[in-house]
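This is the structure, below, for whatever I ask next.
Should a chain be cited, it is by its letter among A, B, C and D, assigned in written order, with residues numbered from 1 in that chain.
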Amino acid sequence: MSSTTTTKDEHFHDQCGIFGVYGSEEAANFAYLGLHSLQHRGQESAGIATANHGRLLLHLELGLVRDSFTEETLRRLPGRSAIGHVRYSTAGETRLREAQPIAVDYALGSIAVAHNGNLTNYLETKQRLESAGSIFHSTSDSEVLVHLIAHSKEQTAVNRVVEALQQVRGAFSLLFLTPNELIAVRDPHGFRPLCIGRSRNAYLFSSEPPAFDLLAAEFLREVEPGELVVVDKSGLRSFFPFAPVKRKMCIFEYIYFARPDSTLDGVSVYEARKRFGRALAQEQPAQADLVIPIPDSGVPAALGYAEQMNLPFEFGLIRSHYIGRTFIEPESSIRHFGVRLKLSPVRSVLNGKRLVVVDDSIIRGTTSQKIVKMLRDAGAREVHLRISSPPSRWPCYYGIDTPSTSELIASSLAIAEINKFITSDSLGYLSIEGLHRSIGGNGYCDACFTGEYPVEVRKNDIPQRQQLKLIGI
Amino acid sequence: MSSTTTTKDEHFHDQCGIFGVYGSEEAANFAYLGLHSLQHRGQESAGIATANHGRLLLHLELGLVRDSFTEETLRRLPGRSAIGHVRYSTAGETRLREAQPIAVDYALGSIAVAHNGNLTNYLETKQRLESAGSIFHSTSDSEVLVHLIAHSKEQTAVNRVVEALQQVRGAFSLLFLTPNELIAVRDPHGFRPLCIGRSRNAYLFSSEPPAFDLLAAEFLREVEPGELVVVDKSGLRSFFPFAPVKRKMCIFEYIYFARPDSTLDGVSVYEARKRFGRALAQEQPAQADLVIPIPDSGVPAALGYAEQMNLPFEFGLIRSHYIGRTFIEPESSIRHFGVRLKLSPVRSVLNGKRLVVVDDSIIRGTTSQKIVKMLRDAGAREVHLRISSPPSRWPCYYGIDTPSTSELIASSLAIAEINKFITSDSLGYLSIEGLHRSIGGNGYCDACFTGEYPVEVRKNDIPQRQQLKLIGI
Amino acid sequence: MSSTTTTKDEHFHDQCGIFGVYGSEEAANFAYLGLHSLQHRGQESAGIATANHGRLLLHLELGLVRDSFTEETLRRLPGRSAIGHVRYSTAGETRLREAQPIAVDYALGSIAVAHNGNLTNYLETKQRLESAGSIFHSTSDSEVLVHLIAHSKEQTAVNRVVEALQQVRGAFSLLFLTPNELIAVRDPHGFRPLCIGRSRNAYLFSSEPPAFDLLAAEFLREVEPGELVVVDKSGLRSFFPFAPVKRKMCIFEYIYFARPDSTLDGVSVYEARKRFGRALAQEQPAQADLVIPIPDSGVPAALGYAEQMNLPFEFGLIRSHYIGRTFIEPESSIRHFGVRLKLSPVRSVLNGKRLVVVDDSIIRGTTSQKIVKMLRDAGAREVHLRISSPPSRWPCYYGIDTPSTSELIASSLAIAEINKFITSDSLGYLSIEGLHRSIGGNGYCDACFTGEYPVEVRKNDIPQRQQLKLIGI
Amino acid sequence: MSSTTTTKDEHFHDQCGIFGVYGSEEAANFAYLGLHSLQHRGQESAGIATANHGRLLLHLELGLVRDSFTEETLRRLPGRSAIGHVRYSTAGETRLREAQPIAVDYALGSIAVAHNGNLTNYLETKQRLESAGSIFHSTSDSEVLVHLIAHSKEQTAVNRVVEALQQVRGAFSLLFLTPNELIAVRDPHGFRPLCIGRSRNAYLFSSEPPAFDLLAAEFLREVEPGELVVVDKSGLRSFFPFAPVKRKMCIFEYIYFARPDSTLDGVSVYEARKRFGRALAQEQPAQADLVIPIPDSGVPAALGYAEQMNLPFEFGLIRSHYIGRTFIEPESSIRHFGVRLKLSPVRSVLNGKRLVVVDDSIIRGTTSQKIVKMLRDAGAREVHLRISSPPSRWPCYYGIDTPSTSELIASSLAIAEINKFITSDSLGYLSIEGLHRSIGGNGYCDACFTGEYPVEVRKNDIPQRQQLKLIGI
């Protein structure tokens, strides 16, 4: 009879959020709350490691932070330092074996690591390590990090971490935990964010600053691209062990991934989105009666667009709060069922209106097409789709889950063809120049729009999952 | 160590949503999806009864619709007619025993009922029935309905339902299911909504119309106050078995309960909320830099307020998508922790600004107080709180979960005192006249604001829960 | 691919065990442990009701007692009196709705009941009650009891219970709990056991005495057939409200149902089984090398048989401790797979031997057939099956789950034909006279062997489940 | 209020059972059933790895086999070869991270291993491997095996396995699975059992033979001590890569661990136990009325004792079938509560009798003491305890979970003192000579009785768990 439909967003997805604590009596509890505030960066597994009396303790679970950790679990994670991780699973199945932090024993003792990003030389490094006798328990690129540390001949954990990281390339915001110290690192390009906070005597680390707000803690600063920060009983020290390169913060963090209440590298995500909307209005105005966003991510850009155009802003689409991962479909085919589950039209707002609909990006185009049809069914007279970023044409190799090039509609179709496919009355994207102008400076990675990859990607490093032989469940 | 905090909204809560299907091959599946679209009316239990080959089948579960029903469950609910129910549990604990539909055997066969509302003469009716030998399995007022039906001497289910309903008072939108027919009723005042839809040959019934949108079904009309609709194999018939009284649709459905994409009794909920916001601006203007809503319910009123005042509208508070029912608190007391979990400030929007903050209602005032403090902590220069309804002063006896009078801050404090308690710079409510003027006509129950109860409430019928002796778990 | 096999015993099954406590600070905890010791009488649901400050509290769960109750559950069941129930579900599906105790509100307050037995005039009583306006929530015959109590005009719970019980026929060992008293009753024939124990100041009631051993409590006496015992704050009182009839204790309790460490109505179950085995040896001797039991129920009879015949006794079949309710079968058909899961042969014991195999009963014969084949596969030279009870020919209407007559192999086949079907070398049953002689006296119900039903059974009362219309899940 | 009591046996515990399949269309299903029949060797985790199209697939679960694997799970484990493992967790907490099979990627591809036994040079090997850069994910000694394989420079999996095993000492019955072959090994002493079976074209491997019975497969032979068997598409080959040493099969397998229906190295476990009982009677006769076993493990020895003494054999203690891992205790202290939950006395058998009670071993003595008291409470006149093995004085380092020496009552007390502690009227153990005479030959490890360890145990290798730093959960 009926089958199930998945309700996954048509969006690029961040693969991880990381959080660390050093020096708090309730390190695990802080990590739990910090991870909760980073939940948008990964919903499929959550883990916390703590250091207590010379040992590391670890708890990993599938699912949301709020469901994965109980008071009992936190009680079993004593210690004054902790690192945590939330993960967006890229493959079809979610496996506990791929969850992080990864915690192992090696020659110097125990170490745990939480990684946000992606190592582009993962496969060649793995093969080199296997030749030297290493065994791999997971298909995670992050596992090479602990092997490299284990193979280092350096005498301290910090020096081993440095030596290991000098052998990998790509995107990495990392937190390492040993029984005695917490080490935070951001790759030289600074692809992924990482911030430092303070709560009384404790140092906190988080992918994004709102985690500090939740804990009533103070935002201190970003970890700088290429910086390695060590916190131990003697306080916080900072190192720059990599050759300096150009800053290449992921620009998609501003477009979609990060929380709107985050400020990353000094730029407010909410304000950036509004400016994208304003620039979009300047570049791609439309004759219309009102502006509506695709909630929630399109809201600030739509507000900016409406302001710039001096058009009314309304919520013409309501997003359901009760969407889970899968849904049982009705047998009788209902058009655009998946979109209906997630979004529903406010007919009184839409009826007879010429709409500007603002979204942050288009991936495959099928969802946009369904939304356009749903809006017309609800009475919209015209639908002008405006996208607050340039066409998404290239896959990301720096820690974002993107479909293959062939699935990215803008890789193969011109904008006019996309407009035709989506059946919108007009379609306009923000230009790459407009994007950069809005956010200021050019220290951003925009490879998904331009194909200009700041770190070389080898062909054989790309389709990682197919090359691996072990399927852990 | 740490304890848990609950994250319940400070809001009045609707106690139920109901959905019915007659004449579809996939009645249970439609009911499942219909209930999902009514999930905002009750998140704590869900149930579906179907009629199949002369029998009724029933499935009840605690939790959300999406989590409660599997393909296997739906497969075990065959039949061409179904009724379903979602419930907001009013007591501290949720009990399966109180879940609906209620399904029983009686002299004429089997019958099931799903109820949205509250019977004000429940306790006296229960006592009368107990004197006649009835036994009660639950503390639900709805259980008296099946007893009254069972005690009737009428020879058809429809006539028994009519006779039973003539003995109860209060608010009831009801769906009855027997092996042969589906009966939908709305009390003479029409306190709670109930709509009729059509999908091919099937008749559908729903508390609110967006359920029809999800199923790509057609909205036909409301069930009229005092109307009893019977659907069986010969089609749909309509009766008016009650003495006519004045229409008294619950005005709070427009203020907060109903979905913004609903149109109830011909009035768009979204538009009503915007008009409340505009009227509020006229009555209670404020010198400010921008208008922000308490998301999500305050959004349309805030848009209306901003439009009327010609002030910018921004999202200064972000609502978390990942809030569950309880959370483990940190040990170190974090100020306003419960509110922080749910809402977080966008500092770049708020900093240095004079804010108008629009919310739909104030119940106890403690949450509003915390929000005001959180906004000031985030840099707001002034916080002017505007409420898009009059002060909530009286409990509801017609199917809404309200705290006792003593907990309603507006019952004991004047507006100036509330303003002081909340620590806002100014506080303004929409007037009762403004409310009615905005929505048009006066066919609404506004007892929670005025204390003018359309249906008499006996003192001993009020604190129901304490009088009952049985705690089923 | 593979399907599942169920591992249900081929045995008659008792439908319930009941336990009660009056006057203990830890009534719920005692009930939990008492029910655990009665777990063999019903494994599919468990429930406890307690009385606390004028209210009844109830917890019902599917599954085993050890899995169903947590410390948290017991904490939520305060009170100094309790009744509990374990149930063997007779239908394919187990439903919480059928679990006991049944607890309801009625005119005098709250009452709960736990029932072991079966009411033979259930359907006619139900129809009479429905005509008077009663509604039924379950398909359990026990539900009529609370309706009859509710319809009584007597002024005390005790008198209402008496009046109700005078209207029902059949088998009932019952425990009623009200906020003030505990009432224990055994039907006039005394079909099912019920015992009284004492632990300090608390009175205990249990289907079988080993529950008292577990609690280090004292066995006082049986509740007499036809006796009604009331315990309240003034102590224990005894009434005999029924016309006296002949004692008819279920003889199958001694053959299979009861625990071997029970003594019921003064007769040790273990000793009775051994005497059945000795009498069986006298009536049905066999030329053999050794005697083996079908474990565990056949053990004492096999010991008796071996003693009488002066043959060695060995464990030639080992019973698995890890059998659950269902198992995934291999695709490749494995002969007698279901039996292999449960029993495995000890080849060194069996090889080359002429065996007497002692079992307590044969129901359908298919399991016996598989066991005989398994024994021959393991090298047995001859297999002489001996059954320590007469042929099971008639269904039970007094609280035991038996297959329909057509499924009872001894209903349609003569012993020689059964022997042929089972492929044993010889087959011998204990005679009805031998059975009675072994246990002494004739105050036993042996209707399953003789068809002589002590309480009349109406034809339309038999296939209850088909007549009911409601399937609660 | 109440706390929980654990119901763990007072017994030594085997740490693992292993099962393998090569060449069956339903390898995973066979492994599932084979593991079920080995469930007595480990109840706390279960795992199966299969090889399919060049990949290994793995499923691990905590709990019993019957609960851990569903049809869906088996469907996700396709392939024609499989290995499986059940594990008895030695530490307080059970961790999925310690479950087996261990499956990893290394230079030659993927490999999985299931281990029964214990490596006595684990810690020194681990330290050596860590110095060479290995990282450890678990505290399991078995993990060193995959590291040694990964570090080998040999070009085939078989040669690498050989090289790895030549570096470890201790007890190991092992199954390795690669995409192309299954490798079975038994250490040179043959401490733990391992058998080969055949089902049509498939080769099977199992710790004990009854697994073959369940699958209607044929027992072929034991894997010989020191033998390495490779099965691949060209059939079964056998190697003997270790220097030959004296056979040292664990004698406790016959006393307690193995199933009574097993035949190991040609000796029937059931018959061995009966012979222990007969020899015990010869060495330690007692004036008594009857012999009772501590069920279930003491049954065959008690039968042998009773036969030898020509005394009646009875079941004076009944073992509960419904014991789980923990139980909620009553608040009021009940004497010997833990034992009461597990065993209950049959008063009619025990009352007034002089008993010989036969058990297989005494570990701490506290349970024996409680049993003696329970028997006296039930009326026993005298209690003569007889143990069908010598005093257990030394810990096992070869794969059995034993308490530390200080907890072994026979390490510090003489037999007369133990008798006094246990409060038995007399206490007799089987002598070491009697033990060996009963079973024939002396190719057995009896280190737990004699302290004569066949493989050297280094002091620093003993308290392994304390030295490890990582606690994975």
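Descriptive notes on the structure:
Going forward, contacts are C-beta pairs under 8 Å (C-beta built on N, C-alpha and C of every residue); 3 or more make two chains touch, one makes a residue touch a chain.
Only a predicted model underlies this, so the values are computations on that prediction, with no experimental measurement involved.
Taking the definition of touch as given, a chain qualifies here only if it contacts chain C and chain D alike; none does.
Separating the CA-averaged centres of chain A and chain D is a span of 48 Å.
Averaging C-alpha coordinates per chain places the centre of chain A 60 Å away from that of chain C. Chain pairs recorded as touching, per the definition above, are A-B, A-D, B-C, C-D. The touching residues of chain D, counted against chain A in their complex, run 54-60, 76, 96, 103-107, 109-110, 127, 130-137, 146-147, 149-152, 179, 468-473.
Those residues of chain A that touch chain B in the complex are listed here as 1-4, 25-26, 29-30, 32-33, 36-37, 39-40, 43, 64-67, 69-71, 74-75, 200, 210, 213-216, 259-261, 263, 268, 270-271, 296, 299-300, 303, 307, 312-315, 318, 320-324, 327-328, 330-332, 334-335, 340-341, 344-349.
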